[in-house]
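Input: one structure, supplied below.
Chains here go by letter, A, B, C and D, matching the order in which they are written, and residues are numbered from 1 within each.
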Amino acid sequence: MTDTPEQTSGDESADEIVVLVGNPSPGSRTLEAAVHVATRIAALTEVADHPAVVDLAHHKEQLLGWQSPATEALKHQITSARAIVVASPTYKASYTGLLKLFLDQFARDEWHGIPTIALMTGGSPAHSLAVEVHLAPVLVEIGASLPTRGLYLAGAEIDDPEPTIDAWWHNAEAPLRRALSA
Amino acid sequence: MTDTPEQTSGDESADEIVVLVGNPSPGSRTLEAAVHVATRIAALTEVADHPAVVDLAHHKEQLLGWQSPATEALKHQITSARAIVVASPTYKASYTGLLKLFLDQFARDEWHGIPTIALMTGGSPAHSLAVEVHLAPVLVEIGASLPTRGLYLAGAEIDDPEPTIDAWWHNAEAPLRRALSA
Amino acid sequence: MTDTPEQTSGDESADEIVVLVGNPSPGSRTLEAAVHVATRIAALTEVADHPAVVDLAHHKEQLLGWQSPATEALKHQITSARAIVVASPTYKASYTGLLKLFLDQFARDEWHGIPTIALMTGGSPAHSLAVEVHLAPVLVEIGASLPTRGLYLAGAEIDDPEPTIDAWWHNAEAPLRRALSA
Amino acid sequence: MTDTPEQTSGDESADEIVVLVGNPSPGSRTLEAAVHVATRIAALTEVADHPAVVDLAHHKEQLLGWQSPATEALKHQITSARAIVVASPTYKASYTGLLKLFLDQFARDEWHGIPTIALMTGGSPAHSLAVEVHLAPVLVEIGASLPTRGLYLAGAEIDDPEPTIDAWWHNAEAPLRRALSA
């Protein structure tokens, strides 16, 4: 079940860019930054719709068990995506427990090579490496393809992410464009 | 062996060896292996009681919010411990989301140097490094002191952990003995 | 198959698949396994030549300084590649110091998104995660694009790598094919 | 402060605090910061001598082979130490290749539980986590005991490390004191 389920029914879901956010607070700035990134990725495709958002803040209780229908629907939305932006604030120098609770629901390689961007936010740059050493390896384990460096937004960059996203995009665009080719 | 914080109030809690288990299933073999390790550690102290057990499988819902009284009681039990064994099965090449949900509740350095052992279990040895590269850094962030290599039990070792624990203990005993000195 | 940069000069180097090996012993089984992988990658392109090989065992002394002409030639061969397979045996639960000595010579993002495969070999599977948590983050830092899971060959798999490579290829082929598209 | 093993032979070496520096440039600020830390550790012991220094910048060539007498002497100095401070600048988001070249010379568990501090320096805080996720796991593999959080000095902190060391020492002193107890 999705935050905007209307937008994701039917066959066209294969074209969806999905933002997956693991912040326990709904509608976070982490979510907004991830939507910025997803919108750029959507513009690389022929279907430049608004990205769909899976905000785990609205789905906490169901994640404590396994294979609930609501969780299976979320999982289906993810594994049907054209590309995914996975976003988490930094808690204790890593991704949140809430995000991991959801990622734990997937089987090894279940994301079957879907192009994926790892994004984290934090109060300072001190935990920037968490994107590559903690989040990326978990995403690889469940089958994500990570063709670009991840993104870490620190402090004031979270409210004004465009300059940091621009700098990252400079190197990320070409690999992403190839990853999204048919 | 306790599973509720009420049983561990009082001054004597400072001598407690606490086993913290992040398996969503209660009474797991991961828990049993951790109790083995904790019992050895207790034998290094003058107070060789049975270790206390915090089995997060019994405390899931409360971990979705912040600062519930029940969670604060669990946190107090942890931060009052003489030593802690943190144990998790391996999910997606890392610790479980459930364990992280609880660790996220602590402030930076809140474990104030309590001697801590990181233990993980998995179907094969392939994810052994998760102990040192994923679990240990989170524990360091919340202030644990990790004077020894962590322990990874794979496959049949989980049901019969003594030989693996023996081999680990050969190097771990001396640093642990010093870490537990007054 | 070349081992010196002189053999790979010219415009055709843009089509080269390059194997970079960080084993202190020349002609290692790690090198051979990496050539297997590179040969499959070459077959995805229109130029199915033998991969070029940079075997750091033949270039040790020059790596102790900075910017020697011999090292600059090796670096040019790498940064001109169509795709790169970076291979290392496991030393102390990570890549070798020799490999890192060479990777340290590159600037941040200098590999400008070249599709890259990380491959490590080890006596047992215990250090498998080193590919994703140690080697991959360094490669990302210097600008590699890692569209697939890395490969870890353990024990007998090193001498007979085809079954393990086959299993890996099942998921890796599609992202690699897209990454190599023009 | 010594730089050659000859100066530290004899029985008294068991009381030595050794600084091991993996900067390719000799006499670096990384070395100086590590000596600051080592001097504090020495003050916790009854033998408050100047720490000994192994500056790998003076020992590069010998590290390209195995078991040279000069390297064996350095290794003996390390494994005879009372405590070790391992220090590296950050290259490509991790420790230097030069440091790893030396650490590769040790067998698993050869440091037999010697209390060890991991210290890294970098231009910005962005790679701070490298201490815990890259350097610490390698040190654990060769048998170091790491009873405290590692130290990362970024930018201006390298030239004026005392405030950062003070803040770190606040939590590190008690575990270190216990680790150094007889």
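Observations on the structure shown:
What we mean here is this: a residue touches a chain if its C-beta (ideal position, glycine included) is under 8 Å from a C-beta of that chain, and two chains touch if they have at least 3 such contacts.
All values derive from a computational prediction rather than experimental measurement.
In this assembly, the chain whose C-alpha centre lies farthest from subunit B is C. Taking A-B and B-C together, the chain pair joined by more C-beta contacts is A-B. Subunit A and subunit C, compared by their mean Cα positions, are separated by 28 Å.
Centres computed as Cα averages put subunit A at a distance of 31 Å from subunit B. Centroid to centroid, with C-alpha atoms defining each point, subunit B and subunit C lie 39 Å apart.
Residue positions of subunit B with contacts to 2 or more other chains are 93, 129, 132-134, 137, 141.
Interface of subunit A with subunit B (complex): residues 24, 60-61, 63-64, 91-104, 106, 108, 133-134, 137-138, 141-142. Contact residues of subunit A toward subunit D in the complex are 93, 124-130, 132-134, 152.
Those residues of subunit C that touch subunit A in the complex are listed here as 109, 112-113, 115, 129, 132-133, 136-137, 140-141, 143, 145-150, 171-172, 174-175, 178-181.
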